[in-house]
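These notes open a run of structures that come right after.
Here come two complexes built around chain A, the first alongside chain B, the second alongside chain C.
Moving on, here comes the complex of A and B:
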């Protein structure tokens, strides 16, 4: 099921409905979208048998692990792979007599992220306890910010290609409801064979930023694009490394459908989404499932479902009996978190104890959107090129490095980067850092081309040879394979004459004609 | 005012507490009655207090240094059951069912 923008999915669901018994509208003409996007941007697909169209609504709850040395409320280390229960302090294990002590770096990370997402930073935010029982939550509650989070009311802009054409990009915005600081839980390994759960608390207490996105999205593609942009922003800020595969970025999707003009439908929560690609699939599947369920006269339960990546579908999660009652209460061991700005900076306080929002704002690095604009302006490349450059870790830097080392115009260099280099990397599943062809080598090659010492075709051959990583320079390869363009007129004449001489008969036959 | 059976079940489930006999339930009802006296205070227009420190800024910020951890042996010492440095717990949320 390809998520080709909002159009692709709904055509499928629609056609499936039309395939059933009874009269139905015929399949849409080839190439024409069965879906029109309404003014709000949401897909409004035609239901089967002339039923009213559906508007899908998608919201996201994203947990980003904060990139810090130690945990949110304790001094144990934050590290991905380590021997079980080796990165656990007495507080993390919830032993009696221990107290939380807030990590300054985690607060700064949350403020940076809030500012980058255009949020209002709450100068006074509070911590609360969210209670539930689970083996990997030794305290029986999670410290979070339910009443007054650290940042609220922001926005995130992201771009989508229309109809899969990179040349037609549209910008969308999703509102950020809030960002809150909270603790991560430990990890449970279920051993069904021996009917037990093994618990590793290394992750318990690691700082998380929960980013809540309002339900402004309408399909898997939008959700995926929004999360991708958030990922790039977090990585640029350094507040989180946001690698989904290592659990540093976790996304839960809230999905519902309703008819235009009617109130929002019952929503389901979809969990266990492990990549951006699966996020798009999971969201689109769930939307389709809900539409089919409702069109068949069924109802949607307000439940939590897990995405099964192998089957490509969502299934109800076990262990979720009824609505949870978290019994929120203020965290009695933590006073309010107070942040300052230039105006409210206290006079006689230890600098280490003061967090200045304005100071952080001034030091924010260029966000991806700004970087893209600068690339387009500085090098005259197309906007869609800037997207691809930033989408691949290290590619923009590689490009700029080549441009510095060659006389070839950036507009020509970009073609070599995006068409040739990038496709090689993708073919061999390599990152830019792992490229056997360095920016120096590529620049060297492009210089030969620019000076017209080789043809474009020959350059591609040389690149293929360079890719083998045998340590030869472009010039060496050119000489070896005799790919050099002949510049000497006399030499050219000699060769042509030799050819003609060697084919005397053919020439004689050709001349009269 | 009596505590309904539904509320009782709900509380037992949430708090993992077994009220067991009528004496336990009686005690619970008396505790609720006692706490209800708080309703006699008029709190209109009064901000809830969540810290006696009030506005005196006092939340200590720690530097991001690794100062703890690496005490697996100590932590596992009191565990009733362990498997290769993992704590062992009943599967899923089995501990919610009554003994």
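Moving on, here comes the complex of A and C:
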């Protein structure tokens, strides 16, 4: 079962294991010994040199910015790309004498996320200060949850396809160690030319959920699939917008490799990953690099590396000042965070002052996995299609809306959605919401097709016309361009006669022949 | 006479009846501040805004709509509370010239009730000290140094040396506030109390110093020393006035998550006539090494006073008291290290010219901005917080803190209502003598009787009791149950009435006061 769960990248970089059912070991492009991870998270030796195989181990630390109107401990607004330092309260600028006041919404978002990730929610969690000096950390410490985080011991199931074939999907689970609430830092902009640093504190103090995933993954694709599923869950919950490009979801990967039966190797932390695609690349590169390094007799340093997306490789980050001792200390200005459930909820308690875990649990929306199941069940579409539908924001809703407005069978509709609509959108880098063709128009078109008023070829032509977004209905386009299928026998005869009449010479030539 | 009066009974009535106007009152206080400038009690005098506030108050009185007892009352605030538009320095180079954009909750509450903010009072840098001698603006002089009582009893080596070498410290770190109240330049003042910083100078300056229960008064806007122990303190001339201030300041503040949720009902103190139902505890551990025999005698006399009036007086034990001061220092320095981290020269405050790198700028800024005491505490605090030391020092100190708090719980559970202890080991030391020891040693000695109440979060009050043989004030401390301020202050008021502490006789100041007052009066008529 070699290479299970690992896609093209793996096959290019590493050979298949000898024990695998796939094609036999082939030359690896970079000529080193190969490793592949399988569905069970193991590794198989390349067999070429008969050396022990390598097992890559990948864990993730994910910072998800909480979607909230105001920051974690202050009333300043949270907004992306606002003018620098326009969203900074006295507390955010750490003016002396200011105190943190916990934002209820952020706590609720973390509880929701914890529940969605099957965590146990701690009824009592604590805040701590983590100290380090940095220009965009005005207080000199970050308020986080080091000792007792809000949620622990969860799991996340995610699916990925084998050998890049959508038809072969496996489901895996990664354990969630904990979710902790903490403050975001500001942003430093280094102006090397004038050798100065500009600090923007708009982001300082925005609420983050740090989700720590146990090292249960073994390749970039698994990491990417896990993060994608988390992203979908966060977006479904609304606890984070989780847009990586806007920094609302930041992923650090801990990567190490070791031989079977041996303890985990020294790990590196890869930062600066700003898309899911780059996450897969960065992790795979780092695994590869470590194996190469070790095979060549080198050692792996416990270091932080940055992914350079242009070069497609990881490079050591300039170490700030050696090993930091964060001098953790309880945050004295925040009492323990106490949460309740239906059982422990005190009577006569002001509802504004308490958070009831059960209440939140009851109101959790359908998670992506449930939504997919429902789509498959309700519309008879393939499971892999349900993944695609959920992967694009709003696509499942679009699909359902079209299905509702047309007589065409969902199984047929899905083809139009995935092949035509989606590829057009991708080609033009549009979101579903930006689609020039609404679900209503598409349904209209599919209805014409379903009623056999136009041919499938003509339908594509109409669709091509609809993309222009000129406000015409499919029927108008059909009429204008005369794309309708002729249902009237006489009319058809007339047309044929006209053609024959117009081509007398040819007809004459043909008749005797 | 009004200047030396008490709030509820005298000053408020005089204002109401128009015997004196808020503006007159404010002017007199300002004049007195000028004539007592040598005390160095104030860092900033906010003359202009004070007069404006007084004028507004006057309008309210004219309309017959004063905001309450505090309307038109001149007060002073320790310079570690944020005051919008008025410099807040913490007596440190780090914040020299710093003007906060907001008012501390307690300051806002006072202003909202019509109080007139005269200015900001002197302290040890960032409230780290017990003498009010370690601020960047120089030491505060105890007004009693210039009292008839002290001058009569102290034996100067030579007449010329008298004033320059014989003056005594105020205690601290709220020494400026204590001196301000004691010298009649204001009617009440805010201090802060982390390990005794309100009660200690109150005792040395002969005024009442109240440290309320932790969480009863908002700390929002108080520049922190130790967040888990800091409490805004109240300095007044009498216990009744302390109750007035407490009533105006206490209660939940949404900006401070450590304040109590419940609303606070202001109270007037009853005149206790019968103390026979009262159980006074005398903790034997407070007979600490270094306690002067004079204070010991006074303490036992006070106990007798209660006993003779029919109260039950029992010796009790707080067995972990002797560990308290070391644990206090560990926890205090750890939080100091953390709280001071924000002073990096970037957002506000002093910034060094050294700009080779961000790190070197930080280092130079902090070296230039903080004095040795602050830097020393930051250093030791960071040491205690290091990963390898955290369990050994910080966690252990926290555990002992719990034991200390439990000691009090046990004693109160045994039926004791109030504890009676000395506030200080001795009367105020002459400045020249005080600075022989370093700040750390001094703080360890001076906080020994007071910091346990902070460790346990309990309310405590120092009440001026008598004059020492040298003619200097001595205070005794009452410690009460959590949030039982009313009981604590009621007992303190009874005690205050019994001891009849003498009023300070400021010969020099009096002379200045009359002169300036007449000058002002004529000026206003011309």
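One rule holds in what follows: the second predicted complex is superposed on the first by the 443 of 513 C-alpha atoms of A that agree within 3 Å, B and C clash if a C-alpha of one lies under 4 Å from a C-alpha of the other, contacts with A are read in each partner's own complex, and residues count from 1 in each chain.
As a working rule, a contact is a pair of C-beta atoms (placed from the backbone, for glycine too) under 8 Å apart; a residue touches a chain by one contact, two chains touch by 3 or more.
Note that the structure is predicted; figures quoted are calculated from it, not measured.
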Where does A:99 make contact in the superposed view: on chain B (first), on chain C (second), on both, or on neither?
-> second
Touching A:327 in the superposition: chain B (first), chain C (second), both, neither?
-> both
Between chain B (first) and chain C (second), which does A:189 come into contact with in this model arrangement: first, second, both, or neither?
-> first
After superposition on the shared chain, which partner residues are touched by A:335: those of chain B (first), chain C (second), both, or neither?
-> both
Is the number of chain A residues in contact higher for chain B or for chain C?
-> B
Look at A:199 in the shared chain and tell me whether it touches chain B only, chain C only, both, or neither; answer first, second, both or neither.
-> both
Classify the contacts of A:129 with the two partner chains as first (chain B alone), second (chain C alone), both, or neither.
-> second
A:117 contacts which: chain B (first), chain C (second), both, neither?
-> neither
Just which bits of chain A does chain B share with chain C as contact spots?
-> 90, 93, 101-102, 131, 133, 135, 197, 199, 325, 327, 332, 334-335, 353
Chain A - residues contacting chain C, complex | 90, 93-102, 129, 131, 133, 135, 138-141, 197, 199, 321, 325, 327-329, 332-335, 353
Seen from chain C, its contact residues with chain A in the complex are 81-82, 88, 90, 95, 100-102, 104, 219-224, 226-228, 254-258, 261, 334-335, 337-338, 340-344, 346-348, 358-359, 362, 382, 385-387, 390, 394
Can you list the residues on chain A that touch chain B in the complex?
-> 68-70, 74-77, 83-91, 93, 101-107, 126, 131, 133-135, 188-192, 195-201, 318-319, 325, 327, 330, 332, 334-338, 346, 352-353, 355
Can you check the complex and tell me which residues of chain B touch chain A?
-> 10, 14, 16, 50-51, 53, 57-72, 75-76, 81, 83-93, 95-96
